[in-house]
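Following are the structures in question.
Two complexes, one shared chain (chain A), two partners (chain B, chain C).
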Partner chain A sequence: MSTPTASAPFGARRRLSAFFYRHRWLKLLALLIPPLSWIVVVYLAALVVLLATAFWQQDELSGQIIHTFTWDNVRTVKDDPTLHAVTRQTVQMAVLVTITDILLAFPLAYYMARVASRGVRALLFVGVLMPLWSSYLIKAYTWRLMTGDAGTINWALAKIGLGPLHIAFTTTAMWLAFTYIWLPYMVLPIYAALERIPGSLIEASSDLGGRSWRTLRSVIMPLALPGIAAGSIFTFSLTLGDYIMVDLVGGNKTDFLGSVIFRYQGIANDLPLAAAIALVPVIVITIYLLLVRQLGAFEAL
Partner chain B sequence: MEPRPVRIGLRIFSLGVMAFLYIPLAVIVMASFNASRIPTWPIKDYTLHWWSLAMHDQHARTALENSFKVGLAATAVALVLGSAAAFALSRFRFFGKNSLSLLLVLPIALPGIVTGLSLLSAIEYLSLTPSLVTVAIGHSTFCIVVVFNNAVARLRRSSSSFEEASMDLGADGWQTFRFITLPNLATALVAGGLLAFALSFDEIVVTNFTAGAQQTLPLWIYNQFRLPNTAQEVNAVAVFVIALTAVPVYLAQRLMRESGGIGGRG
Partner chain C sequence: MPQPPDSTTPAAVTLRGVRKSYGDVDAVAGVDLEVAHGEFFSLLGPSGSGKTTTLRMIAGFELPTEGTVLLDGRDVSKLAPYQRDVNTVFQDYALFPHMSVGENVAYGLMVKRVKKQERRERVAEALRMLRLYAFDNRRPSQLSGGQRQRVALARALVNRPRVLLLDEPLGALDLKLREEMQIELKTIQREVGITFIFVTHDQDEALTMSDRIAVFNVGRIEQVGTPAEIYEHPASVFIAGFVGTSNVLSGEAAAAITGSPDRFTVRPEKIRIAAPDAEVGAGDCSAEGTVRDVVYLGTTTRYIVALEAGVDLVVVQQNLTTSSMEALAAKGRRVKLVWDRQYNRSLDGEPSRDNQEVTA
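Moving on to the complex of A and B:
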């Protein structure tokens, strides 16, 4: 026999638990409301304010934001040829980095998933993961050291009787650095996609007379495509919005969307115009996401 | 099975890509011991001077403390909200489920500068003062995704039949959660939490917009890069940071091994 004081909370708990069991939708709501409201209140609301800010004005004297509607900022973004050039440059870089990363990541992911032994595979997996999680700033800075005129790359080239290259603070240096820094984001989803392909499918292909190349093209590639698309969301989006690398490795010599937005906000202190420019990467990435959704990227994220 | 020359070719190529991933990290570690005041390569003389300088820098220490506070707060929020979302999405079916999972990934799919500027616009709109609290709130939004990904991967792999069996044997909902669900999920949550902390600890793109006058370690490092003759000290702090984030990531990886790897930032 238990004492009433000990059984009372137990009974209440039991009743509560039974109540939740009978009303599953209440349990769902209890689970869903906190994370959902956080995302909506913090994130979506902030995005809405960003959108609104793009259509607000700034008092030229006080620098205060006045909440009255204007097309001025958006019109500036739409008509400014410099911003068009910057957008083109940024998108070009994002595409170039994405393609380079696919070319580097696919063979590595293929080796990990289908050729390497279990031990080597585990080693490579951790090996790809560690650089992903080590400090972004440090990785950016090390490329500044490496691409300098007296940097590691020229030192290595001189050893084999080549160079020197003058790539310090150029788009070439940024291309190398971006490719490096986002590479793990491409390797991991491709690896996950390749690993899921059952060996029997590949055997079936060769039984039916498919040679290696044909199997790769007709069986493996279509199944790996969602992984490639998922990885490309990261490489594309991360390059599109970066401004730290543009500063550290590019020396701010070439303007990118991220660095222009940062400059308008931080130095010119013109938040409405910065917000209007920020709509450009939002539009570009939305178009990109709609495109890659066709390739099944979201299932492979 | 691939033909032998293809396998050898793949192995050599993979080795090359791994070298590409690790040589820059090796360069920065070595540079932190460089005795020269100007960053040079190759390194002629090695010293521990930069390390001791970094260790006694008061600003660096305050920044480090701030990073710890923000990381712990963001991780705590992310653990609660991320695992709740994972339960809801993996154990229930409901209308709008797919849009919700897309919504959860959005803070990571959109460029960091958009997230940062949005949060800043909201801070301005509400006339808040940027502080460590606003930084932690900002970090939580994308830390949730990391915890969510790890928890959802585990929940998808483990069937709900154990929970049903527990209920059949007379356990109530709380007991089932405490003795069946939680132990099964524990390592995934620890791994997700470690990764969320590592992500927050390293974040700069969003932090730069939401920190105001406060400094976190990445912001301190970034400011140092702009000053002359501080690069070597920064290198030492940098290597310390790499070591510090490597530990949680390694632990997370070990914890998640049995369930087939961890879901990274996406």
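Moving on to the complex of A and C:
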């Protein structure tokens, strides 16, 4: 077929290729080792160490962590009424932000997925994604300025003869800022879910006598639920863990789980207690996921 | 039994001058049609001929640009699908994936607030009729294509619509299942006595199942008639070619056979193959040529014969006594083709149909 000089390297390559074809698990392993080790070492192992810290002690004088097991930190978290209040406030905010984002994102995503022309859809996509292109800190500072007594919101309200609102450094300001900042994470999964619904299902519902509201409730909503669930996991958990908005927009007047963890870890340097508090959002999210599963949101996946 | 349309009772479905345009393009360019009660009526045509758009205008998914749609004499042209007493079986079945088979079938009754007891009975009856009783609690994703097809039928029929619209419902099934479903559909239609309007691009399917057929081409109906009328008296060259295979002859080739250059058509199965020196009867036509190709099809053989006038004629023969060896050996042989003159169908007087006329 060809000269020996040309066929030698080609032959070696072909043998290697055939070897991997016969031992496909080896090929799979070779391909998966880099991403798998990244996930296992950088994500999971770090998380496990963090959570394990919650059960370790700290030398009071040196601040050194002593690797002996204790329930003390967890007990402190469990019994501290202040932390209970903080948890309640944080979860309330996360729920409020999630509901607001669902109400804002669903009609927008529906319009993008099923009504808008291609050009309008592209424009809206850019509109939804653009806030993600800029820095989180800039957006946080911007909301701090906007919600101020002399901020953009009051300026705009004055133009239409309303206001002024005194929302600077309040939970209302935080609610607005969180709702704004996590909205794209709600729009995109709902859009993906709605876009996947075949048009014939909506026609079939209408054909069988279903008016718009019935079709929305019985056909579109159940099929969009996985998207809503996915989006709400983002908005809920991102709000639950945030501490920057709490500081910049909320003025640290209200304590949230994130800001408390930050304080114990960064200022008080009590890493074991911070880790124990960090267990709270993990547990809350686990309960939330179980609830969402109970609603059947993952069945249509 | 289908009743012939008369002046006292309005037809099940009437279309008057129905047109549907998308921008400059007419998907349906003026259609008039009457479908009688209890009729199995097919809309037959190639893709893009306007048959599906016509069906969607009867269902209410599309509103006509012009013209009226009447159901039982009532003008529904501007009504929404949920205001029309028709149901549709979709090409992709459109079963709700998050509901069980039973819930899918019950959907229409639930929406119309039919009482629970009656709802349960009617759903059970529909499931029984379509042999789906055992699948009540399954999800559509757990069913085969043929079973999904039957669920879609049950979901539509359970509402007892005046008219059932079927949009190429058998297209996704394999040949064997399709043939079974054709018979089953026909049986069901006879049983429930509902008017069926059936969209298909498959001429065999239309001929097998229909009481009457409307043949669509570029947004218009070219002919309405019984399967026999459509097949034996095609009204245009298009129909002669689209419904079954046809030999269309004109000009010199036609003159060599009939003595007149007028266009005519003859079905391949009407032509006999004879020896070149065979006698030709008084009422017969004949043409001499060479067998250019032989296609053995099991029960029949298709011969393509090149005539001296320069055109090909297709001849189909039953393999009654011929073996495949004999059939295939005919290639290259000189033959005389003979057929009864009465099978010639004149196509003249047919208005020429081109796209310009349609979009005008």
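The criterion applied here is as follows: the second predicted complex is superposed on the first by the 284 of 301 C-alpha atoms of A that agree within 3 Å, B and C clash if a C-alpha of one lies under 4 Å from a C-alpha of the other, contacts with A are read in each partner's own complex, and residues count from 1 in each chain.
One rule holds for everything that comes next: contacts are C-beta pairs under 8 Å (C-beta built on N, C-alpha and C of every residue); 3 or more make two chains touch, one makes a residue touch a chain.
Nothing here was measured: the structure is a model prediction, and the numbers come from that model.
Upon superposition of the two complexes on chain A, no clash is found between chain B and chain C, which fit side by side.
Of the two partner chains, chain C is the only one touched by A:Pro198; chain B is not. Across the overlaid pair of complexes, the angle with its corner at the CA centre of chain A and arms to chain B and chain C is 90°, in steps of 10.
By the document's definition of touching, of the two partners only chain B reaches A:Ile244; chain C does not.
Within the superposed three-chain model, A:Asp207 lies in touch with chain C and out of touch with chain B [touch as defined at top].
Of the two partners chain B and chain C, more chain A residues are in touch with B. Once the two complexes are overlaid on the shared chain, A:Lys139 sits against chain B while remaining clear of chain C.
When the two structures are aligned on the shared chain, A:Leu32 is found in touch with chain B, with no touch to chain C. Of the two partner chains placed by superposition, only chain C is touched by A:Pro222; chain B is not.
Contacts of A:Gly163 after superposition: neither chain B nor chain C is touched. Between chain B and chain C in the chain A overlay, the least Cα distance found is 8 Å. Chain A has no residue lying at the interface with chain B in one structure and with chain C in the other. Those residues of chain A whose C-beta lies close enough to touch chain C in the complex are 198, 200-201, 203-211, 214, 218-219, 222-223, 299-300.
The touching residues of chain C, counted against chain A in their complex, run 59-61, 80-82, 86-88, 90-92, 94-98, 107-108, 111-112, 155-156, 159. Looking at the complex, you find that chain A touches chain B at residues 13-14, 16-18, 20-21, 24, 28, 31-32, 34-36, 38-39, 42-47, 49-50, 52-53, 65, 104-105, 107-108, 110-112, 114-116, 122, 124-139, 141-143, 145-146, 148, 150-152, 155, 180, 183-185, 188-189, 192, 212, 230, 233-234, 237-238, 240-244, 248, 257-258, 261-262, 265, 271, 274-275, 278, 281-282, 285, 289, 298, 301. Chain B makes touch with chain A in their complex at residues 2-3, 6-7, 10-11, 13-14, 17-18, 20-25, 27-28, 31, 39-42, 77, 80-82, 84-85, 87-88, 92, 94, 100, 102-107, 109-115, 117-122, 124-125, 137, 140-141, 144, 148, 167, 172-174, 195, 198-199, 202, 204-205, 208-209, 218, 221-222, 225, 231, 234, 238-239, 241-242, 245-246, 249-250, 253, 257, 261-262, 264-266.
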